[in-house]
């Protein structure tokens, strides 16, 4: 199978007053066409930076190195024109809060149609409108005529997210990045949006990259899980249940999923906090929060190593049971 | 939308009452009021005029009756007659209104077009050379006394270079000119007053537009626009511009009091035959009815401008239009 | 403290000192006329020249600075006093009281201030004292707004609740706890207020509606200078420059202090 995305040794650092924030360090990731993968981690672990780096849309104060290839096209060093062509047309992206990602002073129609026009040139008005309405239908919206002419503030949160998905898909990208697509929504709407994403993935044979802090969602959607911690990938592989996970951090994330059967719904948290991202000490980044840490973890930084076919972990003592 | 406009229209009444109350209070409560020594000693004010003023304001009646009488007159634009030439105050204001409106409207248009241009250009290259130069110039513009600027420009263009007329609205032989010459003459007379009137406002608006634009460019939906592959020019001049210019419309209303208030300084310096100069002339000759009339009309104009700006804002901002 | 603040502080410091020590610094009495020395250009004897009555311009400007500084500062103190009172009442009590006060402030803000000043000057008569009072009376609404906003935000802070529990009377809570916190932004506004007041005063004096001759003010020197544009450029140049530099210094100081009190706003 051909790799549609190849990331090699990707490092992104933000310059701030206090020094350098190591947002991503040495990220290696290969994604095959048509695959559904999930990138999981707590907030601040670098997963959103990774999503932005995929379309080379990181902040101006960022220093990037390594390579990111989309369909063999290197994009970290690509010029403006190339990037404009890739964004939207090869990679569609859905953001966390559709309410904030939609421009408040333009109608849904204008926002969908400007995207199509940007990539396919000026089309006849009826043709544009036909495509727009078809996209709304595909994303499962009823009352399409009204929604098409509406402004974002006139829509519900779920409708806004569906419109966002319609915009992301408007130029038929092969890759869809969904960055915490349901975080801002309430539970029932969350389930509907996730079902929609599943359906779209199948119908359009999309390469889906789901970014989430919710391992439960990730396991449900993706064949392969990538776990990130403090700007590094700490584990990658086919994980569908707790015992598949080998990194103590991944295990800990599983513990966070509230057990529906449990009588008392106590939400556990991982003790401690994500380490200071401006320092790079010679030890495991998870040291200090890890329940099974040994002295070695505090003196050396573990390498990212393959433990079996299609499964790699960054840990001296991977959990096996 | 309808509800918003209605609410906004209803808000006029308390403001109107407020304006009349304040004006009324100034007339009646200041120690230098009509019956004071100050006034009787002023030879320009004949005892006859004082008597007429007393009747106009009904100074012998109880205070609330005086107020109501006065307001009902104001609503009919009856401010009495001038002490100086006995003509109705409103006639004198009508004569002067077009000149003031012309000067202020042209300045306002200029302020907004140029101010928005500077603000947007500074925001797009925030911290760049243009931005730095402009922030110094606008800061100086903030601090420069406009009447001094007016004097310096008059000296440079009127006295030294002799390029531009420095006073009045038209030249002496205006009546004998062809229509084209008339327009040219008027434009020449407008250049300096418009420039000076616009200068201070320009600094203010361009700063405001810049910060509004910088704020907009950091919004999530701008990142989203880039992410869907929109060209940079479209993102800045379409997606971001509309968002950052909306609040500027309300600023248009807010900048009116300063503009109209400032007109009495500029019109005096440039001998511009407008309302501001009328107020100044009346102030020097203690022509109370005219001063009160001009002040009230100026407040009305400001109120009207604010109202238009607010309604225009509601019309262009979809978040208010469709609520 | 950044360069701008220091430059502003330096400018304001020089102006205030020059105003305070005007009698010592001036080479001539400000009102001494000299028929033979009418309209003489700047020279060693008269560094900034003489005016149409042969008075030393430098001396008149130093005394004029006194007027501008004192009008600016006292007007702002008056405005601050009213603004503090009104804003604190509105912010602390909230509800109906707040509504009435703030709508009144809105109304006052729609009236062109300069016209109100013009009316008041005409009724009260132009004098230094009246100008101070009039500018003060017309420029408090902005301060009231700032104070109200500050008081409202501080009112919710936990330590204010703590003082309530202790049973302190309301007025004491306002005075002792809220005010010190609100003073930062108000101080910044006061600095800008001084520069605004200097501009208004010199504008009025320029039009002959402010400080009356023979008393000197930058505005009225400039005003007499405009009749001698061709023969006495120094009468236009120096007082205008003085007004500009004074306003500029206060604005620099104000901006610097604003960044200091609210680092979020600075770039």
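Each chain gets a letter, A, B and C, in the order it is written, and its residues are counted from 1.
Please note the rule applied: contacts are C-beta pairs under 8 Å (C-beta built on N, C-alpha and C of every residue); 3 or more make two chains touch, one makes a residue touch a chain.
Quantities reported herein were computed from a predicted structural model and do not represent experimental measurements.
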{"item": "Chain of greatest Cα-centre distance to chain C", "value": "A"}
{"item": "Selected pair, greater C-beta contact count between B-C and A-B", "value": "B-C"}
{"item": "Gap in Å, rounded to a whole number, between the CA centres of chain C and chain A", "value": "56"}
{"item": "Separation of mean Cα positions, chain B and chain A [Å, integer]", "value": "53"}
{"item": "Euclidean distance of C-alpha centroids - chain B vs chain C, Å", "value": "22"}
{"item": "In the complex, chain C residues that touch chain B", "value": "103-104, 106-116, 118-125, 195, 199, 202-203, 206-209, 222, 225-226, 229-230, 233, 236, 240, 243-244, 247-248, 251, 255, 267"}
{"item": "Touching residues on chain B, where the partner in the complex is chain C", "value": "14-15, 18-19, 22-23, 26-27, 30-33, 38, 126-127, 139-140, 142-145, 147-148, 151-152, 154-155, 159, 256-258, 260-262, 264-265, 268, 279-280, 283-284, 286, 288, 291-292, 294-295, 298-299, 302-303, 306"}
{"item": "Interface residues, chain B side, partner chain A - complex", "value": "219-221, 223-232, 234, 238-239, 242-243, 246, 317-319, 322"}
{"item": "Parts of chain A lying in touch with chain B, wherever the complex brings them together", "value": "55, 57, 80, 83-89, 92-93, 95, 97, 100-107, 114-115, 118-119, 150-151, 153-154, 167-168, 170-171"}
